[in-house]
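By letter and in written order, the chains are A, B, C and D; residue numbering begins at 1 in each of them.
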Amino acid sequence: MMTAVNKGIDERIYNTIVTTNAQAPFYQLTGIQTRTLGPGWVEMAVMTEGKHGNPLGLIHGGLVSTLADAAMANAVRTTGKKGVTVHCDINFLASAPVGEEMIGRGRVDKAGSKIVFTSGEVVCGDKVIATCQGTFYVVGEI
Amino acid sequence: MMTAVNKGIDERIYNTIVTTNAQAPFYQLTGIQTRTLGPGWVEMAVMTEGKHGNPLGLIHGGLVSTLADAAMANAVRTTGKKGVTVHCDINFLASAPVGEEMIGRGRVDKAGSKIVFTSGEVVCGDKVIATCQGTFYVVGEI
Amino acid sequence: MMTAVNKGIDERIYNTIVTTNAQAPFYQLTGIQTRTLGPGWVEMAVMTEGKHGNPLGLIHGGLVSTLADAAMANAVRTTGKKGVTVHCDINFLASAPVGEEMIGRGRVDKAGSKIVFTSGEVVCGDKVIATCQGTFYVVGEI
Amino acid sequence: MMTAVNKGIDERIYNTIVTTNAQAPFYQLTGIQTRTLGPGWVEMAVMTEGKHGNPLGLIHGGLVSTLADAAMANAVRTTGKKGVTVHCDINFLASAPVGEEMIGRGRVDKAGSKIVFTSGEVVCGDKVIATCQGTFYVVGEI
């Protein structure tokens, strides 16, 4: 298992994010892990496997969407806010290969008191798999 | 296991969709099943379980996105076309409960020769969980 | 000039919406008018003209986006809430012809206390020009 | 009137884009001008005025959407391709002030032979008004 890295956020918030992500059932099911957390940005990662395949034999877009959503949602959490996804828009630039590490990067573009705006991308090495933007509604503090 | 229902599409295409969906690894992993196929529309379903949970203890939005994408992609397939997702936009209206059947409905709004436009929604009973729209690029015939 | 029709909303709110839309500079500039207002839904309209053209000689997508946004925003207002657009997603199914009435329909899918979810479409007669969905943040009452 | 700047694209394509934009009726109506064109990216600009106001007295989101769409569409054109907008998604981070120059930046994230993926943002000085992503279908060469 990958060890996450703290690039400058509050230690308590860091620990909460890393621990709850590691315990989150859907991340365990899909294999998504926390990689790096900074102020207003994160990297999440998943090793693509056969189990992520769609009917065409490619990595299912749902895994890419889940990684994109996870990256943007956790970017929100690095600001100390607990948010629920209001909307997510994703552009699928390329199909993802099996057997490679796929990275989801999320960043906060603007953190309002109630609405947080985010964007991000999903990559495999130099290949951009998807770009995304999302909005979150703040429901509390971490 | 649920049995799918054919509401009026070509039998060969119906069988291809049902069979390839049943064998698709990511649908097996997440528990998504084909339910009903009509001309230009489908219903896919998943029984929500603890394994679909996010760090907040709710059903992860990634499952909802996967179901929405699956419903729209398979609606495209009922027209006999093989398409890859270009873009997907999803609005999350409400959180999904654990232990209920969640239905994803997809429909084709316009089937161009190269671009297919779709929309849909994800529901649990009367509760709308999400609305979505997507676009697909046609790469071949089924 | 078209006369708007009230299909069942509070008369004070109806008058406020119709009057402020008629006075709104950007609607005057683009020619967008209020057509019908019901509880949680509206129809806005614009007669497409040469002045709405893009560099390809078609109606510019920006007019379609403006009409879609206007329809969804005013659907929110029929509920008595003042909202600002958080996000808008639009699928462009077909180009709009010059010299026809283009109708934007917006509807409220869910009116939360703080976030309102909407969707809609833009049509010219039977031809669907665009489908859209949007989210709004409630900033007050009308 | 602003003079556009060529930052490294083919002179014939540059002249075509600048000329057709200057003549495009909807850009004349709304006041949108071409500012800078580079390989795969552009800046378009508009001076916000009272005529762009919405019923709340702010700059209408439709102008922001039009500028965002224009920036992404022209970024596609710098690659020598003629494309029609398939989809546009826009996040509205802040309202735009009246009487300031509003800049729309568009860039090509991936130029496929048939589908071009783009993203961008709209800013007033240091203030980000909106972020956007869009997809375009290639219909020919410039």
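Operating definition for what follows: contacts are C-beta pairs under 8 Å (C-beta built on N, C-alpha and C of every residue); 3 or more make two chains touch, one makes a residue touch a chain.
Bear in mind the structure is a predicted one, so any value in this text is a computation, not a measurement.
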item	value
Most distant chain from subunit A by Cα centroid	C
Result of counting contacting C-beta pairs for A-C and A-B, higher pair	A-B
Where subunit A and subunit B are represented by their mean Cα positions, the distance between them in whole Å	22
Distance between the centres, which are taken as Cα means, of subunit C and subunit A, whole angstrom	34
Where subunit D touches two or more other chains, by residue	86-87, 89, 91, 135
Graph class of chain-chain contacts, one of line, ring, star, complete, other	complete
Parts of subunit A lying in touch with subunit B, wherever the complex brings them together	17, 20-21, 23-30, 50-56, 59-63, 65-67, 69-70, 73, 82, 84-92, 95
Sites on subunit D touched by subunit A in the complex	89, 91, 93-94, 109-110, 117, 119, 128, 131-133, 135
Subunit A-facing residues of subunit C, complex	86-87, 89, 114-115, 135, 137
